[in-house]
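Take a look at the structure below.
Letters A, B and C mark the chains as written, and numbering starts fresh at 1 in each.
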């Protein structure tokens, strides 16, 4: 019994059907508890007031935005090396989720930044990196949509994901360098890990877990949809061939 | 390999080869900038390095869709892929030809356009140096983008969407080096990092581009 | 030096089109593929040339030995005929193009830009490319399209000379060139379903 057995679409769908209800339920509970606790049961920050509470959406979405890309990178590598279709389709399924999470992260960041920093947007390294990540997601999804043959699309997007990851990492460091170069000592960045106290930490971790489970459930569901689409395509191709 | 280089250069220089189009675009873009931001020479001189870098980058991008598309249409790529020359080498050579016909003229033209934008005198050397180090990366990254989108109908816009994010680190370090040079700050770090990106791209991206091209032509 | 295909299956756009192709081609011999449109001739020839992977089966003896001529001629419109051929000769590590010009009666056109040639003349220049590659196996996809009778004769002579010199030729064509050749009709050749694991869509059925 090896993990690779689930690379077979039928086996994957069977497992996914069993796991999904639990993933959805756990995600709903995690997010409800994390957000409810965070919004209503934690004190206001002594400096930031109640605006700090957006952290329970902002940090989990940013977490998913980065890890979705890492998951796509791993899935792309599996596709390139082992040619498992489910892997390529899972990468495809994860991309729009990652894109939406990136947008949520940017929007909540802007909403948080407005009262705190007095501006919706600043070219702070962390913000800029997310904007660049957003562009990478856009390009990746656009390439999937543009290529007609599904296997070629999987190949090309995998190569793009690999090369893109290297350049995204380079951009991250370039942006750090560039922004420090412009504003001596980034006055606008908040070091979250240092500031945060246990009161905020526990609901945040619960919320992050909830978002992660939501991501897993969404990717399982969307991968199932992609598999169904491919299956329909394969069946119609077979019908045309025998006709 | 030399034969391929000579052929690409010859094609670029003959009628319809598109040589000089990127250069003309660069010129027009630079001329339009003062119209859009106003003629104050202090403002222009402070944004000059960035504008010249952005202009070079866009001029490079503009000429990328011809890089492989013509060879794809007339069947040359199929023959090249079966020729004794490795596809990696062929693509590296094509990127080199692109740099010689597009990147190098941009580097040479940049100082003259710098005059139009009131670039401070000490900035000229570093502008040219940063472009000289950075434009090869633009060419080879663009070759990778062209290979990815080859064979896609109306792939030009998609290629811009894929290539521009990949250009970010090159642009940041290149423009930063030029900017620091113009205001008389130390330029070693961004210039070295820029050279690192160029060398790394030249070493690795031909393989990625050839892999992508093999996927697109089959 | 033998080109050997064993139970080869190929796919076009993820759909298996052709399977169970087995044949052997020895030096000095030619093989003509026959089959209706869409039967997979082009796909098979591209797979032999190494331009696309096979689904299953083996192709032996095609590594670095194939000169491929597809539907497009690989000519640059803004280069002269001689420059085009010299370029390909250089890519294959050779210099001599006179014999190729001679065989296809291209010498008077050598300095004309390829873009100004007629379709048949372009085709001749495209076929002349095969002669400067010095490769033993010619893989030709519909080589006689837009050629007139005289040009078809030149082409047949070139193939015959190539075969006499120990070369091989694999053609997909519908006209009779007057060359002694095996004929392989690929109509209806299908792979057994279990041989198609590599087909992109089979995993989903």
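We adopt the following convention: a contact is a pair of C-beta atoms (placed from the backbone, for glycine too) under 8 Å apart; a residue touches a chain by one contact, two chains touch by 3 or more.
All figures in this text were calculated on a predicted structure; none of them were measured in a lab.
Judged by the touch criterion defined above, the protein chains are all mutually in contact, each touching every other. Chain closest to the overall centre, judged by the mean of its C-alpha atoms against the mean of all protein C-alpha atoms: B. Taking the mean of the C-alpha atoms as each chain's centre, subunit A and subunit C sit 48 Å apart. In terms of their C-alpha centroids, the spacing between subunit A and subunit B amounts to 32 Å. If you average the CA atoms of subunit B and of subunit C, the two centres end up 37 Å from each other.
Those residues of subunit A in touch with two or more other chains do not exist in this structure.
Residue positions 218 of subunit B are each in touch with at least two other chains. Across the complex, subunit C meets subunit A through its residues 13-17, 200-205.
Touching subunit C in their complex are the following residues of subunit A: 8-9, 85, 148-151, 227, 230-231, 233-235, 237-238, 240-241. Those residues of subunit C lying in contact with subunit B across their complex are 46, 49-53, 64, 66-79, 83, 86-88, 90-93, 129. In the complex of the two chains, the subunit A residues touching subunit B come out as 132, 135-136, 138-139, 142-143, 146-147, 152, 155-156, 159-160, 162-164, 167-168, 170-171, 173-175, 177-178, 181.
Those residues of subunit B lying in contact with subunit A across their complex are 144, 148-149, 152, 155, 158, 161-162, 164-166, 168-169, 172-173, 176, 180, 189-190, 193, 197, 205, 208, 211-212, 215-216, 218.
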